[in-house]
Amino acid sequence: MTQPSNAFDYAPAPESRAVVAIKSSYGLFIDGAFVDTIDGRTFKTISPATEEVLAEVTEAGAADIDRAVAAARAAYAGSWGRMAPRERGKYLFRVARILQERGRELAVLETLDNGKPIRESRDVDIPLVAAWFFHYAGWADKLDHAGHGPSPRPLGVAAQVIPWNFPLLMLAWKVAPALACGNTVVLKPAETTPLTALLFAEICQQADLPPGVVNIVTGAGETGRVLVEHPGVDKVAFTGSTEVGKMIARSTAGTNKKVTLELGGKAANIVFDDAPVDQAVEGIVNGIFFNQGHVCCAGSRLLVQENVYDEVLDSLKRRLGTLRLGDPMDKNTDIGAINSAEQLARVRELADIGDAEGAERWSPPCKLPDKGYWFPPTLFTGVTQAHRIAREEIFGPVLSVLTFRTPTEAVEKANNTPYGLSAGVWTDKGSRILWMADRLRAGVVWANTFNRFDPASPFGGYKESGFGREGGRHGLEAYLDV
Amino acid sequence: MTTRHDLADVTRSEASLRRFLHGLAGVDQVGADARAAMLSTRSIKTSAKAYAIDLAISMIDLTTLEGQDTPGKVRALCAKAMRPDPTDSSTPQVAAICVYSDMVATAAAELKGRGVHLASVATAFPSGRASLPVKLTDTRDAVAAGADEIDMVIDRGAFLAGNLMRVHDEIVAVKAACGSAHLKVILETGELATYDNVRRASWLAMLAGADFIKTSTGKIAPAATLPVTLVMLEAVRDFRAATGRQVGVKPAGGIRTTKDAIKYLVLVNETVGPDWLSPDWFRLGASSVLNDLLMQRTKMTTGRYGGPDYVTLD
Amino acid sequence: MSDETMSDETMSDGTVSDETTRLDVRKTYKLFIGGKFPRSESGRSYPVSAPGGATANAAMASRKDARDAVVAARAAFAGWSGATAYNRGQVLYRVAELMEGRGAQFVDEVAAGEGLDRAAAGAVVDAAIDRWVWYAGWTDKVSQVAGSANQVAGPYFNFSVPEPTGVVAVLAPQSSSLLGLVSVVAPAIATGSTVVVLASEAAPLPAVTLAEVLATSDVPGGVVNVLTGRTAEVAPWLASHMDVNAIDLAGVDAGPAATDLEVAAADNLKRVLRPTGGGAGADWVQVPDLTRLLAHLEIKTVWHPLGV
């Protein structure tokens, strides 16, 4: 009432932190219990939005990994391996329900530890986490029907290393199918985002999951390397950078370990002149600014048909002006914090290279908070295939805009990358969508939408975006001896 | 995209009008629904909520459109419009009263000089199934009786049958009959069925001279929805960019709670911006929502929840 | 509910022996149609064995009750088949959760109805709960098993998806009053069809209690409609009903009666599941194959050109 007329300023609407209790320090979750490290160290996990220390966590050493793998092996040989698949499934249903029941707690913790907006952790990450467990719970006693032959067998102990962009969701993508197929797991969450995985460990306890079925070892790259190279694991599943993915492919060469890798991307989001423009603009925004662009399948290359370039860019810039950047715990925030100082430096470096190579940088007027790691939503115009910002994964809120003239040219440019994770196509013409989808060398093609995920829908990359699929019937293959 | 110079020829013929409307960018239903749903998660608290409640009250077209309407009912509604909360003089007035044309004279006598607009539905509301002379007479009667806003319905049958010029010309004729009264054109989006149709009908109405485009009569389900209103807001935004002329938007029907009303304000704020955040450019066609807004307003000042016994009926 | 006050409930087990003994409050077993619990429109009932050696008066459904149930099932079809498979899976799982909580009641009714001891009845109830869980897991997977992308010789994208057939009439197994019932109802609704089920004639009480579970789960009214009564009387009306898309004859023995039902079903080419294996010797305990899951599906194939 005291405001000037016509100014509708949203008051702060912070989500309550009280819903989650963060311990001051965490051990490792091995064989059903939190234990102290044998030969590791501790490190701090911070909130990237405020640089506040949230907790002290353990960097597991080689002896810890030995112990975790042994616990997983014992559970595989014992209770879990002998359990009727139906009962295994019922455990997963139970976990899914607890995840739903404690959803808000998980969402708040994810936002604190990761820096992503609470709206996304609440409405996207955590519901998908529960859905993933629910979906794979149902597969546990239906593996005979999954098209992988009669009575397919599990692999054994799975070593799983996941990234920081969707901490709990990536855990769900890994753990749910592994357990449904009858494996046991040792999972390492990312160094900067361990807390929801540790809360998940508590949920395993609450569900009375047998000890050793799920083991959570925190740590950084070295911990991950030791885990992946451990001779006691039968399966390696990794989501992260293409660089590390190649290292894993080399280190597992000559072993019997089954490997699946979900790596980087540089997806083209292709907008034709007959696209539903308003929704295409939403899709472009969702494609690159969802989760601060910390998305391996992000639509980081916008390919716009040249005859609608001005219209699309005008609409896009207008829309970027309405994005709300700031406190991730505020329910109205669209863009949260960059996950770490290290990542912020990487984003800045590549953006600076964009400037240096002559592309034109644009961001909406946007005040960045004083503390924490922030980067404004940014787009580069005048980008060509020869620019590094059109070729390298930035993994941040930075969009490179290119143009094309014909469908064939769009396909050529979209495919002209070592990556092949995803692509987007925007047009009102159905046959063109399918023609494009037929030619795009990418594991997921979104048509008139972007960044959609569902446990029933397989996801994974072509070429240097990795191999193996996660989701649905196809996702079982990664965890079965087939 | 549309530019100013090519609009002059659009309404020259059925063919050119059709070509133009069907050349507008399509609306992807799933995407539009998702955008509206995302905006409806906005959390409007404390000072922003207080602001939004008063703004929403000031945008209401307080409506009674029933066969059982009587002068007594209309007078009561007028009293409510002018003093929504008799216990709190800081409460804003609503934007307008909306009644059938035969009730306009009654309402006009009540509202005279009190700053509340008087809207009348016209043109064989709600079906629009009458001859043009009947519709024009209906309109002129309402204006003559004191209405300064006319809420007309388009001929949905003609629109769906592809007789776009007929719809256009009828709006032009009604606009002429309005004189100085503002014309709100009701698209009855529930009968148009697709968002593509909503976008085309929005442009058609604006090309024909509408001052406002309005979603619904309230007599057909679904009435106003967030995604339909989103599509119409995008249309007025694009129309202003193309022509320089600003057109208002009025969702009507189905808006019952404060939460509903605030969702519409958020939609306006983030789709077309503050230029539309005033009763001159955005209205809420509703009746029961007023009491909910008043109860929420009281809650904000007293800190406790109220009940229907503490707001006035009509 | 209003007729409760008018009914003349009598105590069948005589008088209360002393001041400290508490008299059981017994349950009235009704039909379940469109999410409500009416008595039969015919006003009839018939005696069946109830827990504690008592006799209950089950509602004896008429052809008009069957007609009403089909109307309710048809009305519910659009919403249920239109719900996401994920949502249907959650709803079916919820049924299992609520059944678990009512376990003791089901055990008593199965024991009374099927003449089992409590341990055997308990095993049946556990299996029935797990059967819901089994089908809850199928809802969002059946299309990956029964659907396909088809490689036609030409520039077309061609795919086939399973869709629910519509309203399914189910004659529930006579001998397995709960596990058999769940085994024929759950697969139909898992894939999005809606059901009118005629319960085991001699042991209908678990079906009515299951209806009470369904009513308090998130299953929309009309998705499952439960009739109790005489199979021979009601089944022909369901078999010949022109707004029923399929019929499962699990509850009748193979023979002339079943043939008559199948003949009646031919009038609108209902999909018929013959009574093979549904009789007294049927093994409902075993994990089911996909017969019933796939039986209530139609396969839809879509062609779409590929071109710029």
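Order of writing sets the chain letters: A, B and C. Residues in each chain are counted from 1.
The rule we apply is simple: a residue touches a chain if its C-beta (ideal position, glycine included) is under 8 Å from a C-beta of that chain, and two chains touch if they have at least 3 such contacts.
Keep in mind the model is a prediction, meaning the values are calculated, not measured.
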#### Entry: Shortest contact path, chain B to chain C, counted in steps
2
### Message
So, comparing C-alpha centroids, which chain is the farthest one from chain B?
### Response
C
### Query
At what distance in angstrom does the C-alpha mean of chain C lie from that of chain B?
48
### Query
If you average the CA atoms of chain A and of chain B, how many Å lie between those two points?
43
### Message
Roughly how far is chain A from chain C, centre to centre by C-alpha average, rounded to an integer in Å?
### Response
42
### Task
Among the residues of chain C, pick out those that touch two or more other chains and give their numbers.
none
### List of chain A residues in touch with chain C within their complex
86, 89-90, 93, 131, 134-135, 137-142, 145-147, 406-408, 430-432, 434-435, 437-438, 454-456, 472-473
### Task
Write out the stretch or stretches of chain A touching chain B in their complex.
1-3, 5-13, 119, 123, 274-279, 282-283, 308, 310-311, 322, 331-332, 428, 448-449
### Task
Can you check the complex and tell me which residues of chain B touch chain A?
1, 25-28, 30-32, 34-35, 41-52, 54-55, 90, 234, 265-266, 269-270, 274-275, 277-278
### Interfacial residue positions of chain C with respect to chain A in the complex
85-86, 89-90, 93, 130, 133-134, 136-141, 144-145, 157, 287, 290, 304-308
